[in-house]
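A, B, C and D label the chains in the order they appear, each numbered from 1.
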Amino acid sequence: MSTPNKVSFLTPIKNWLLRNHIWVFFLVVFGAFSLASPYFLTVNNLSNVLTQSAFIGILAIGMTLVMINGEIDLSVGAVLALASALAIGLQDSIGVWPAVFCGLLSGVALGALNGTIIALSGIHSFIVTLGALIGVRGLVFIYTGEDALMVSDFSYTEYPEIYLGPLSITAMIFLGLAFLFQWILTSTRHGREAYSVGDNIEAAHDAGINVKRNKIINFTICGGLAAVAGILLSMRLGTAEPNAGKIWELWTIIAVVLGGVRLTGGYGTLWMTIGGVLTLAVMRNGLRLLSTPNYVELMVMGAVLIMALLLDHFLSGISRKKTS
Amino acid sequence: MTQNTTLLELQGITKTFPGVKALDNVSLDVKQGEVLALVGENGAGKSTLMKVLAGLYTAEQGSIKYLGKEMQVHSPLDARLKGILLIHQELSLSPELSVAENIYLGAWPTNRFGVLQKRKLRKQTQQALEALGCDFAPDDRVGQLSIARQQMVEIARAQAFNANIVIFDEPTASLTDNEKAQLFETIEDLRSRGKGIIYISHKMDEIFEITDRITILRDGQVQGTKITADTSVDEITRAMIGRDLDTYFHRAKENFGEDVLAVDGLSADGLFSDVSFSVKSGEVLGLYGLVGAGRSEVVETIFGIRKAQSGKITWKGREISPPTPAEAIELGIALVPESRKEQGLVLGMGGRENITLPHLHFFSTLSVMSKEKELETYEQFQQALDIKTTGPEQPVAKLSGGNQQKFVLAKWLCSSPNLIILDEPTRGIDVGSKSSIHELIANLAEQGLAVIVISSEMPEVLGVSHRVLAMANGRIVGSFSGQNQTEENLISAVSKT
Amino acid sequence: QDAPDWLGGELKKPLAETRIGITVLYPGSNAYQAKYAETAESYTKELGIQAIVLDPQGDPATQFDQIQDMSSQPIDALVVWPTSQNALIPAIRQASRNGIPVITSNSPIGEAGRRYIAGHTGPDDCAQAEQSAEMLAESLGGKGDIVVVEGTPGYTVSILRKNCFLDKMADSYPDINILASQTAEWNREKAQTVMETFLTQFGDEIDGVYAFDDGMGLGVISALQGAGKAPGEVKVVTCNQFGEGWDAMKEGWHSGSNKQSPVDDAILAIQTAIKIANGIEVPPLQGIETPKVTPENVDEFERPSW
Amino acid sequence: MFKQDMTALLRRHGLLFAFGIFLAGVALTTDTFLTVGNFLDVIRQVSITGMIAIGVTFVVITGRFDLSVGSMLTFLTVIVVDQHNVSGPFMAIIYVMIGGIVIGAINGLLIGFIGLNALIVTLAMLSFLQGLTLFYSGGANVNVQNAQNTWFAFFGRADLFGIPVPALIFILTAIVASFVLTRTTFGRQIFAVGGNETASKFSGIDTRKTIFFAYILSGLTTALAAIIMGSRVMGAQNTIGQGYELTVLAGIILGGTSLLGGSGGIWRTILGITMLGFIQNGLLLLGYPYYVQWLVTWVVIILAVWIDLGAKRGKVFA
């Protein structure tokens, strides 16, 4: 056997940094805003940030699963809008919880549809879900007739105002789902299959793993989670906007990639994703507290994204070749 | 152990791909405790046959009998669970998963709810690794292991699944001699425990070293099965290619000119250091070493793919700064890289476009391409190298490995270079094509080119070169020519360090 | 510090210590909104109050976050130009429960939220739409076929400018026939595309156009010019005149609009917020003037700077 | 025998057939659809998306994305319109061309030379340019002040030989681009890089430079599109190009250019973009609200790509 791999005492630190650089980034951003704004480091504000991050956060959980598979889902924003429209629009005819259930079902069904088309046709998920991003938005507009739908009973909007200390129910659902799916990823057959499919799809197939089923399940979960986010949003706003969640898929992808999950598949954890989601949420909140004009916010977001990529690039020292 | 019980019997297997009858009524059998060699030219159908056996393909006709009973193989996992394990030509692992997860890929121990039993998985893996004497742990990430260790992970699957039939498809292509020896020990061990082994290789020395019988395939048909001890390399080769091979190696007539290339003290961090040598026109310089010795890196540096930290490169007496590939090509350097699929060809393009890729300016005026000129060159090389293809536009992805390799050669020959570097030019190539490549090397040198040949096959590098450099651990550890150019000297040189 | 004249009461604390949060619709989307945001910035600076001016980029969920973030700081009043009729009600409810007075500006929020706000300021969009109906009908002589270019659907201003226009037409001008109605989302380029399609579809049948604002009206005029129409051949009437619309009216392309000043709109909102911050009573609804502008009286108005 | 030929033909050109059926269907139900006027209208309307798509096709063939073109279109249109008033039409056009090239170069630098992920870099650029536009305009709309008498109107509003100038520019650009892509060494390099980047490097192609120039082309055609847009509208909002990146991609995909790189072509892109244009136009003429076209686009894209893939694999449904 050839010589064992060289190990220096720096290696574990470097490895940890490689996998968790987002948390270093998070701490820097967090520290900077704590110094810059007197209102940032307050329980009230941090509690708000966590709640605000939950929507992109829940979308990001599903996106992470799909990306570990080596795929992408661009339709999450539109699916969120449809679920939110159904959850509100159906309340008058079938009641609150059945309506919520229908909203959830719509996400699950669209996710399953995406996954099935991708698995059966072999068309790249970027294309299939780009189509869905456009088409599902069309469905939303047809269903809502272009208008925002409003709950008739505003007590619906009181649900998300349940708090456990500083934690809102929305934030708890986000964190709970993140822990649940992290456990599924590391400790169940489905989770390990997901990595193996994204990592080396031929090997997975040859090992008898049902690659198609694994992808369909992950897309279904992703759609379902998008619906969960949509329902929570409908409770928050009491209204379903036909344009809700527009370009949120981009924010979601940004958060996930910021966390270090690879678009090429096989690599990433929800721990990284949470890091990305929170960093993004803290940045947006902090910039608002500082009353930054929106153009600065947009420019800073762009710059930070590039910086995160550069950091990842130079830390790992390998040039990521093409993806997608 | 009884040597005579038939373990596996394939009968009348037929498999067609669109336009190709890959397997035509193939029958063979494997006995307990024997190693059966499967040989044949590139594209003869060896891999296809094994994929049928391993459940990756379904045959249109034929049957598989296992210990006398008819058996259906539904899927790769099904095959694995039934005790048939295929170790692929290209490794089939997930680099991000652990050793344990890879060995049991898709068959992890779980409870009723699909939750992994991690402790059980680790323990089972530990046992399998110990039985094979592996020096890595169940939790190591596979991507961090060397190629040879990764192959051991695949072999450990045989142990873990208690496979009765283990198929090796060209397993030694990227192994060092030491690793190869270890692999042979493992095979010996499997044999002594009554397993049946099918061994596919293009390397005759290996086949005669470890196999008991040899089944020969040609154009999807069985040409016969021979007892290894009763046959000869010549007989097998004849059966494989349907004619006699005249001489196995051609060495160019010695007619050296000036130094074409000289490198002096070339070093690159962690890859190689202080490499110095020179090559004359008309000379074939061999570069021998074990995998990982750094030979590819050295020639890639000369070609401008990598950057050296220090050292000097002299081209026809003039010192040049480490060039880019484009400049190297401009000077007249050609590099036939070691991996034709990754480095050599754009698989989606046809032969015409692949051949002209490095010299687009030859085939264009004011940047506008001339398809006529391209076709002319294509025709010329397609005929000269006897490349089997349906036309200039057929994507090279659809060709057999040997024909692909010929396109890579054509691509570099068409610009008439002064120096051609061939990195493992015959890897995965059948003996027939091999000898024509050897002949080509000799011809090139006789036409006055300087040639550098990298090969991990000792007979090849000794047979075609005028002079052989031995490399180990990134350094040149010996230079041999004439009387000294022997196997013993090369081995002792590379194993000293 | 002396209280400004318009305050109509005592300052409880100096203006420099007064903090007001403002979240506007989307300065990126049209001239009116941009001028409003600009005025909000400059006027608060002029007054010397501490102001946070935020842009939700048209997304109610983002505006929700903004209201939440501002309510978690010590703040004296919030001005909200709602991006959606109802989606901000829970956020405003939360703010008002935290004891922060909220006023809505330009565009009212839905019924269910009215009890959480301290007041509303802005134009009367219904009256504008009725004015437009009158101007269009008059310019057509009470008879003809028209097409309608709508604002962003679901948005209060769009709803009012649609329904009140349609009601007025149905009640008073039965001989005017509406051929088609499409949205262009307050967007000039989209309006041009919509109008081009209308022209292909109905050709010379179209006698008049109603666009919900002047930005879209200008897109319509571009399309008419592109189709080789002469000025006034097709009557164009809009709500809320912009600077270029004023020019177009003088050139004869434009038959009616109304003056609605984003400067007045923003200043009224900010003054009202400061009044409330100082505990001064304000009426629940305060309007800004929106007189008709027609080719006859256009010279009486200054060219809008937005 | 005949049946076999037909199915083979259908497979290969299934998309065109389906499109033909759609056109015929609309033509039968409305009488305005099949008129020269409407046809020219559609070509004019797609000329902006089409111009951008031409540049982006180069990028896509190298196996990469450009999602920044929508924001870039907004930014450059705002610049061209505003600078028209400040520096005159000629300089405005020069500035915008330089702008497009510089933005393309930054994308190309980060993606080609440093090797960062194209999806994310161009997303970041999308966000950055949105900010830059708002910064430049202060959120306000910009308008050409003397819209009625500037030669700048030529690009978006004029007709030449009875054909709208934007359509002419579009077709001309397509011809040049197609020539560059299929007949020149640069075009060959683009295909090689998308087909196999490593092998291209080993063939002496400067892959980084090739990618870099592909992004510059994408910036350049977007700049041309911005000139047409500015001239057509004679004004610009800060949202004017929103969503164009997706329409452009949808058109490219519909045309059958693979997102994996290494294959595709300009005429395919034009076909895809024009189809989208006719679908939109046809549905509007049939009186459907604009968003129904989104639903149709979804179905059409999936079916088109599915049939196309099936045809390549020799069967329609996998």
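As a convention for this text, contacts are C-beta pairs under 8 Å (C-beta built on N, C-alpha and C of every residue); 3 or more make two chains touch, one makes a residue touch a chain.
Owing to the predicted nature of the structure, the values given are computational and were not obtained by experimental measurement.
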| item | value |
| --- | --- |
| Co-neighbours of chain C and chain B - touch as defined | A, D |
| Farthest-lying chain, centroid of Cα atoms versus that of chain A | B |
| Pair joined by the larger number of C-beta contacts - C-D, A-D | A-D |
| Whole-Å separation of chain centres (CA-atom averages), chain C against chain D | 34 |
| Separation of mean Cα positions, chain D and chain A [Å, integer] | 29 |
| Between chain B and chain A, distance of the C-alpha-averaged centres to the nearest whole Å | 43 |
| Per-residue multi-chain contacts in chain B, two or more chains | none |
| Sites on chain C at which at least two other chains make contact | 27-28, 55, 183 |
| Set of chain D residues in contact with two or more other chains | 133-134, 289 |
| Pairs of chains satisfying the touch condition | A-B, A-C, A-D, B-D, C-D |
| Touching residues (chain side chain B, partner chain D) in the complex | 18, 303, 305, 324-326, 328-329, 335, 337, 342-349, 353, 357-358, 360-361, 364, 367-369, 411 |
| Chain D residues within the chain C interface of the complex | 30, 32, 35, 37-38, 41, 45, 133-134, 137-141, 143, 148, 157, 229, 232-235, 237-240, 281, 284-285, 287, 289-290 |
| Chain A residues touching chain C - in the complex, by the definition given at the top | 39, 42, 44-45, 48, 51-52, 55, 144, 146-148, 150, 154, 157, 161, 233, 236-239, 241-246, 284-285, 288-289, 291, 293-294 |
| Residue numbers on chain D that touch chain B, as the complex places them | 183-189, 191-192, 195-196, 198-206, 262-263, 314 |
| For the chain D and chain A complex, residues of the former touching the latter | 63-65, 110, 114-121, 123-135, 197, 246, 249-250, 253, 259-261, 289, 291-299, 301-302, 305-306, 309, 318 |
